[in-house]
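Input: structures, listed below.
Next come two complexes built around chain A: one with chain B, the other with chain C.
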Partner chain A sequence: MKTNNVLLRNVTKVVAFIIFLFSLHLFFAGHYNPGGGFVAGLTSAGAITLTLLAYDIKTVQGMLHMNTIMLTAFGLLIAFCTGMIGIFSGKPFLTHKFGDVVLPILGKTALHTATLFDLGIYLVVVGVTLTIIQTIGESD
Partner chain B sequence: MNNLTLMPILVPFLGAIVLLLLPRRIFIQRTVALIFSLLLVFVSLALVYLVKTHGIMAVTIGNWKAPFGITIVGDMLAALLVTTTSILVSCVLVYSFYSIGKPREKFLYYPAVLFMIVGVNGSFLTGDIFNLFVFFEVMLVASYLLLVLGGTKIQLKATVKYLLINIIGSAFFIVAIALLYSMIGTLNMADISAKINALHGVNTGMISVVAVLFLFVFGLKAGLFPLYFWLPGSYFAPPISVLALFGGLLTKVGVYAIIRTYTLFFAKETTFAMLLLGVLAIITIIFGVIGAISYHDLKTIVIYNILIAIGVILFSVSVLSRESLMGAIYYLIHDMLVKGILFLLIGVIMAITGSSSTKKFSGLMTVYPSLGWTFFIAILALSGIPPLSGFFGKLLIVEGAFSAGVFIGGIIVLLSSLFVLMSLIKVFTAGFWGEKKGNFNTNVPYHKMMFPVTILLTLSVCYGLFTQMLYPYIAQAVDPLIDPSVYIHAVLKE
Partner chain C sequence: MILKVALSIGLLLYAISTFLYLYRILKGPTTSDKVIALDSTGMNLVAIVALLSILYDTDAYLDVILLIALLAFIGTVSFAKFVEKGKVIDRERDN
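Let's look at the complex of A and B:
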């Protein structure tokens, strides 16, 4: 008998969105407060896992349209390129750059290339976690 | 320019990322993997040249000052080992084009190999003890994948054992680092060395404990007696090209870690740990010999020969004289090459005869004479017959042992050569000579498979013939091992 998961699905729609926002908060908090790429990646993956529980693998894949292994590789590539910034500016590998940048809407913002490295970590963590969950979920 | 020290790590890393991003079409994967491995050979040779002309190259990641950031140290020993690794990997990659099979090639085989090389090269080049742990893990995680890839029953069984042993080993590695850090308060290897030397006999008891813990951890990875029990079973399982990488590289990283930590940290403070290392190494040789002469299976015999080589190298490290350390490095590089050659040759034999046990076939010489002679030369090189590569290393090791007064060890090393020769000549005569017996599969891409083997064998023979030309390089590699202050000054720039 097929059960109707209307409550779970509707709560998921709201909660997954909040979890995702919280993971973004964790990601950007990383430099000054507890948080960072790793835990943000895990939380985002948690949001997607919740959707996986409420719906099924095919629906979620239809929503996200991404190859998780590619996502992992892309994260690695971003981290690698962040390191190359140091080399191309004539300093050792992974030497970061930082400074205040005037952005169109946000105004004067302090930016640091370590965030890019964190973005790489974030993508790797999301990619790896989802790959593990999906491959175990799909195999019989 | 200092960043060149990092290139042997970065090039395979980028290669692996690119391979993950590209579509998994076999032609693309092969080409890209080969291009990056050749690039790796090029940057490794450049590193050797640079270290030769400029001395030890140290670069601290992120432009921090030396003991606070992670230092990558390219000394001559690391540069030579990185070069040997990259050459071996290029040849094994070419070999695996014809032997590994399409399902594995499609399922991340090449990225896994390159990730493993990141770990191996990183372990050779790093100057930070925790970073060494991280690179060990990079290497091991990739090797788990390579071991289990394909998913046959024997591979699964071997992987469970290998995984369990290495996880326990890594946990102990962390404990050892934690203990050392609680006493010394730093993770930079040069800084640890300077601070241990500044202890002047205080707290040496605990330093000895850490030394024995490190011996346990690295001995587990290298296959030292009594920690080698996992090795014969686990190495028997994977396909040959993976086995060649494992036999040529993985155990040697453990050996390198022992050489590095023992000469840098524990040489002056702990005579006990050195004695223990020497005794265990000698027993490893004996047990390796017993294993090697008691089997009829080519693969198992060469696997036990790995143990003998580990014993020989570590014994000469424990003697700790200039001569014996030079011998150890000569022998280490020779052994990486020649184990690669032997495993690849066994792969060719297995592809032809369908078995690695000499009880199943004989008379291979009548059909494949060139294979027979190549195998014969490889055997002679392994056992250390004069014009070939194994000779000079062993000569220096024995000389060092005798001049240090360790006669029993020297004699056992000499005798072990005899048994190494015997163990392989036995299978050579049984498999290659005599009447033709067994089913030979003649559809094997024999010449293509022999091509990388021939390159490696040529290099190994040249390594033996031009020993004299390599002498200054090896001498430079030994300098920081004999006198850690060379290493410390290069890293901390005091």
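Let's look at the complex of A and C:
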């Protein structure tokens, strides 16, 4: 019997955005509140997993246009380069910098390079989770 | 004081409700009964975490509430797709 899961697909279009925004909130809240790169990555992977459930692997790969293994490698590279910032400024490895930066639109903003390290963790978690799920889903 | 009593009564009721769902998970005649009982257990967990965050007077658990609800939704959708189609993730679009 051919099933038409129009209800699931339309709910997914709304809920996946909400989950992704929630993961962004978790990512940026991680410095002062519960959250951080790990759970934000898992939540983003959950949003993409919901899209995978509603559609199929080929459609989602056409939507995203990214290689999940390269995403993992890129996240590891970001985390490593964040550690190298400490070495190049004469401090031990993984020494972080922070300070007030004047941004074009946001004005004076307090930034910390630990956020870049968290971004690396985020990309690694998203990449590894999606690689596991897609690899298991493709094998028959 | 009266808030603590009310919260304790609410937590006790939710605990009883979760145990009744556990009975349905263990004894449910069909797989669908067990899946619905698991989903409702997730919603009970949401309520329990909300009551506990009032009891401990903190807002650090409010992210957990949304996270449990989202995970329960995704889990139930994947179980439902497995019950209906036999596989969770399709390789190519078939409709």
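The rule is simple: the second predicted complex is superposed on the first by the 140 of 140 C-alpha atoms of A that agree within 3 Å, B and C clash if a C-alpha of one lies under 4 Å from a C-alpha of the other, contacts with A are read in each partner's own complex, and residues count from 1 in each chain.
Quick note on the criterion: contacts are C-beta pairs under 8 Å (C-beta built on N, C-alpha and C of every residue); 3 or more make two chains touch, one makes a residue touch a chain.
Computed from a prediction, not measured in an experiment: that's the story for all the values here.
Set against each other, chain B and chain C touch different numbers of residues in chain A, with C touching more. In the superposed pair of complexes, A:I132 makes contact with neither chain B nor chain C. Within the superposed three-chain model, A:V101 lies out of touch with both chain B and chain C [touch as defined at top]. When the shared chain is aligned, chain B comes close enough to touch A:M70, but chain C does not.
Contacts of A:G86 after superposition on the shared chain: chain B is touched, whereas chain C is not. Legend: residue contacts after superposition of the two complexes on their common chain; A:T43 is shown touching chain C, with no touch to chain B. When the two complexes are superposed on chain A, none of the residues of chain A touches both chain B and chain C. By the touch criterion stated above, chain B contacts chain A in their complex at residues 2-3, 6, 10, 13-14, 17, 20-21, 59-63.
Contacts from chain C toward chain A in the complex involve residues 60, 63-64, 66-67, 70-71, 73-74, 77-78, 81, 84-85, 88-95. Taken together, the chain A residues at the contact with chain C in this complex read 2-4, 8, 15, 19, 22, 26, 29, 33-35, 39, 43, 46, 49-50, 52-59, 133-134, 137-138. Across the complex, chain B is touched by residues 69-70, 72-74, 76-77, 80, 83, 86-87, 91-96 of chain A.
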